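Please go over the structures that come below.
In the two complexes that follow, chain A is the common piece, with chain B as its partner first and chain C second.
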Partner chain A sequence: MSAYLGGWQVGFLRTIRSPGDLSVRVGFFAIILLVMSALWSAAVASNGGSIEGYTRAALLWYVFAAQVAVLGVRPRSVEEIGDEIGSGAVAVQMLRPVSVVGMRMSLELGEACARLIVAFAAGALLTWLFAGPPPSLPALALAVPAVLLGCAANIASQHAFGGVAFWLIDAKSSWFFYQKLVFLPGGMLIPLDLLPRGLELISLALPFATMAYVPGRIASGHPDPLLLLWQVAWLAVLTAMAAAVFAAGERRLQVTGG
Partner chain B sequence: MTAAIEANQLRKTFPARRGEPIEAVAGISFSVAPGERLAYIGPNGAGKSTSIKMLTGILHPTAGDARVLGIVPWRGRRELAARIGTLFGQRSQLWFQLTPRQTYRLLARIYRIPAAEQDARIAELGELLDAGNLFDQPVRGLSLGQRMRCELVASMLHQPEVLFLDEPTIGLDLVAKARFRDLIVRINEERGTTILLTSHDVSDIEQVARRVIVINHGRLIYDDRVSRMRRALMGTKMVDVRFEQPPDTVEVDGARLVKLTGSGAKLEVDTAERPIRSVLDDLLDRYQVVDISVSDPPLEEIVSHIYARPL
Partner chain C sequence: MSAVPATLRTALADGVANRHSFWVQVGLMVANDVTWVLFWVLFFDQIGTLRGWQMRDVIVLFSILLLSAGVALGLFANSRRIGQLAADGSLDETLTLPVSPLPHILSSRIDAANMGDLLFGPALFLVAGHPTPERTAVFLLGALAGSVVLIGFLVACGALTLFVGGRGEQADLGFNAILIFASYPLDLFGGATKVLLFTAVPAAFVTGLPARLVRNFDPASALLLAAVAVAFALLGWGLFTLGMRRYSSGSIWTR
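Moving on to the complex of A and B:
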C-alpha cells in the first residue's frame, strides 16, 4: 500500500510543479462557465424560470461540478495508455514488483487531486460570481467527495478502455469513442434529466453518469448520499475491469526491439 | 553452484499482421553463473532485446524454459522484479518533472526498502557511481550521460542480484561511455552483481564483459571468453584518416585500403601482422594528416568472421 501511496504523492507533486497546465485548465474552465452562463440564462428565461426543476443557478452549479470532475482527469489518458502499450514503454512499468495498473492509477489520482484543489476553489468562486450562492451548502459540501469519486471512476474506466491496446495495438479510436461517452451519456454537456426519457434511462445505466452527472446533480442542490454509493459501486466495478484487462493484456504483450 | 540465469531452448515467435510469423529467438540455450559479466551481443534485429524481455518476464516465450535466480520469469514476474535490476538505454525509469532523489524515494517504497536505510543507500550509490551531486536537479536538465548514471542508481537501489543492461551506452559520447563501463565493472566487483549486457558496440564487450555470447537471426552462434574472442575474431582495427591534400592512393605496410573518398580514407589493420601504433606512425610520417581515428570493426564484421571460421 505504501508504494501506491508513494505513487499518489509523486502524481500530486508532478502536477503542482507544472503550474502552466493548471492555469490553462482553469482558464478554459472560466470560458466554459461564461458560455454556459449565457446559454442556460437564455434557455431558462424562455422556459418560465426553470427547466425540469433546474433554475439558472442550479444549472450553473451543475456545470461547475460536472466540469471540475472531468477537468481533474488527464484528458487523453486512454490514448496515452494505448501509446505506452503499443510502443512497449509499458515494459519498464512491468519490471517493478507492483501492479502496473495500480501504480498508474495511483499516479493519476495524485495528479487529479492536485488539479481538483485548484479547479474546485477557482471554479466555485467563478460560479458564485456568475450564478450567485449555491442552491444548498450541504450539497456543495457533498459535491467534494462526488467530484473526487467521479475522477477516480473516470481514471479506472480510461484504464479499462486504454488496456484494449494490448489487443488492438492502436487505441486512438477507443479514445475518440470514450470522450464522446463522457460528454453525452456522462452528463458533461447537459444534465441527464433533460434528455429524452429513453436516452436518460440508457445513460443512467452506464458508468459514465457517475463521472460528471452525479457530481453535477449533487452540486445543483440534491445532496443525496445514495448518489455517492452509486459512484462507489461503479468505481469498484471499473477498477476490477481495469485490473482484469491489464492482467490478461500483460500476458499477451507483443513488443519487439529495444 | 546454482546458475543465476538459465535458458533452455528458449524460443519466441511474433505473429505477423501479413505474411509469415517472425521468429525473433529461435531456440537459445545458455547458463550464467552468479557474479559473471556476460556480453550478449548481436547485430540489430538479432533477438537480444526479445531474449532479455523473456528473461525478465515481460514476454512469454513461444517454447522453451528459463530460470532467473530459480524463478520462471514469466510466471513469477513481480517476485523476480524485486531481485533483479534492469536498465534500458532507450527507456527512462526516471520522471522528467521530478528530481532523481524523488524518484528514488518512490522506488524505495516500491521495493520496500526500510525508511531508515533509504538515505544511506542513495548516498552510497551516489558515491559509488559518482552521481550524488545530480540527485537534486530536475531530470529534464541532465545531460544523457548524467541521466544514465542516475538511471543506474535507480536500477541498483534495491541491491539486485542480477543486472540486465539493454544497450545502456547507446547515444553516449566516448567519455561518458568509458565512464559508464567503469561503473558497471565496479558494481560487479564490489557487489558481486551478475551482469548481462546487450550492445552492438564492440568496445562495450571488451571493456565490461569476461564472457561473450553472440546471437544472430535468433540463434546462438558463439559463446566463449572475451579474451579468446579478441584473439580469434577481433584482430583488426579500423583507421579513418583525413588528409590535407587528396592522395592518389594510400599504401602502408600491414594496412588494407578499404575506401578512398577525396581527402578521406578508411584502412583495415590486422594487428597480428603489424601493431596499430607502427601503422599510425607510418601514416603520419608519409602523409599530411589532418585527422585520424582508430575504432573497432563493426559487429556485423565480427559476425561474418564467426560464420567464416572453419568448423
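Moving on to the complex of A and C:
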C-alpha cells in the first residue's frame, strides 16, 4: 500500500513543481469559463431567464464543476497508455513488484489532486466573478468530493479503455473518441437534463455521467448525497474493469514475448 | 520554393505509409467532429436562435474551422510545434539544409488525425452548409485566409520560445485559446473579449469573419480578411526569423 501512496505523492509533487504546465491549464480553464459564460448567458437570455430549471448562475456553476473534474485528469492518458503498451515499454513497468495499473492510477491521481486544488480555487473565483455566488454553499462544498470522485472514475475508465491497446497495439488517437464520450454523454458540454429524453436516459446509464455531470449537477444547487454514491459505485466497477483488462493484457504480453 | 511541395509530398507519403493507422486516426477525428456537430444540433434544438445565429450558420462556421485547422494542423502540423522543436534543439537538422528553414519545417510533417478535419470540413459544408457556387467560393477562400491567420499566429506564439525560453507553454495556451474562441459564434462575445478576438487572439479572422462573409458577402470585410492574413503571415515569419538569431544549437548531431 505504501508503494501506491508513494506513487500518489510523486505525482502530486511532480505536478506542483511544474508551474508552467499548471499555469497553462489554469489559463486554458479561464478561457473555457469565459467562453461558456458567454454561450450560456446568451442562451438563458433568449429563453426567458432559465432553461429546464437552470438559471444563468446555476448553469455557470455547473460548467465550473464539470470542467474542473475533467481538466484535473491528463487529457491524453488513453493515448499514453496505448503508446507504452504498443512500444513494449510497459514490459519494464511489469518488472516492478507492484501492479502496473495500480501504480499508474496512483501517480495520475496524485497529479489530478494537485491540479484540482489550483483549478478549483481559480475556477471558483472566476465563476463567482462571472456568475455571482453559487446557488447553494452546501452544494458547492459537496461538489469537492464529487469532483474528486469524478476525476478518479475518469482515470480508472481511461485505464480500462487504454488497456485495449494490449490487443489492438495501435490505440493512438482513440483518446479523441474517449474524450467525446465524456464531453457529450458525460455532460461536460451540456447538462444531461437538457438532452432529448431518450439520449438523457442512455447517458445516465453510462459511467461517463459520473465524471462531469454529477459534479456539475451538485454544484448547480442540487446537493444530493445519492449522486456521490452513484459515483462510488461506478468508480468500483471501473477500477475492477481496469485491473481485469491489464491483468488479461499482461498475460497476453508475456505469451507473445513483449 | 520548389522544395516546399516536394517536402510536403514526402511528408504526405510518410503519413499515409501505414494506411491502416492513418485511416483509423482520420476516422476517429471525424467521429470527434461529429460529436461537436451533435452538440450544436442538441443545443439549438433547446435554444432556437442565439443572438441571430441559427444552427446552419454555426455549421458553416464549424466547417470553416475544420478546414482551416485541417490545413494548419494537418498539412502543416509543425506550425504548433515550433516552440517544442526550438526547446528540444530539433531545429538543427533543418539548418543544415540549403532551404529556407520555416517553410521546410512547416511542410515536413503532417498529422494524420487532423487530416480528418481537412476531409470532414468541406464535406460538412457540402451536406449542411447550403452550398451555392458563390457561397462555396467564399467558403474556400475564407477558410484559406483563416488557415494563413492560424498558421501565422501559431508560428508567432511558438517563436516566442526563442525569446523567452521554456518549452512552448505560451504556444500551447495560444493554440487552445484560438481554437476555443474560433469554435463559437463571434456575436456571443462583447467588450474587451471581442477586441481580443480581433487582435491578440485573432479567432475572429479564422472563423467569425469568414462565416459572416459566407452568409453576407461584403468586399470591404473580404479585403480586411486578406490584409490580416498577410499581416499574420508576416508576423509569424518575422518573429521566427528574428528568434532564429538567438537560437543556440541543441548539438543534436553530436549527442
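Here are a few things to note about the model shown:
We adopt the following convention: the second predicted complex is superposed on the first by the 252 of 258 C-alpha atoms of A that agree within 3 Å, B and C clash if a C-alpha of one lies under 4 Å from a C-alpha of the other, contacts with A are read in each partner's own complex, and residues count from 1 in each chain.
As a convention for this text, contacts are C-beta pairs under 8 Å (C-beta built on N, C-alpha and C of every residue); 3 or more make two chains touch, one makes a residue touch a chain.
Given the structure is predicted, the values throughout are model-derived calculations rather than measurements.
In the superposition on chain A, A:177 contacts chain C only, with no contact to chain B.
Of the two partner chains placed around the shared chain by superposition, chain C is the only one that A:46 touches, whereas chain B remains out of contact. Legend: residue contacts after superposition of the two complexes on their common chain; A:27 is shown touching chain C, with no touch to chain B. Once the two complexes are laid over each other on the shared chain, residue contacts for A:97 go to chain B alone; chain C is not touched. Contact with chain B, but none with chain C, is seen for A:6 once the two complexes are overlaid on the shared chain. Of the two partner chains placed by superposition, A:76 touches none, neither chain B nor chain C. For chain A in complex with chain B, the residues that touch the partner chain are 2-3, 5-7, 9-10, 13-14, 17-18, 88-89, 91-92, 94-98, 103, 251-258.
Those residues of chain B that touch chain A in the shared complex are 14-15, 22, 24, 45, 48-50, 53, 56-60, 77-79, 81-82, 84, 86, 88-93, 95, 97-98, 102-103, 105-107, 109-112, 166-167, 170, 198.
Interface residues of chain C, counted against chain A in their complex, comprise 20-21, 24-25, 28-29, 31-32, 35, 38-39, 42-43, 45-51, 112-113, 166-167, 169, 172-173, 176-177, 180-181, 184, 188-189, 193. Across the complex, chain A meets chain C through its residues 20-21, 23-24, 27-28, 31-32, 34-35, 38-39, 42-43, 46-47, 51-52, 170, 172-174, 176-177, 179-180, 183-184, 189-190, 194-196, 199.
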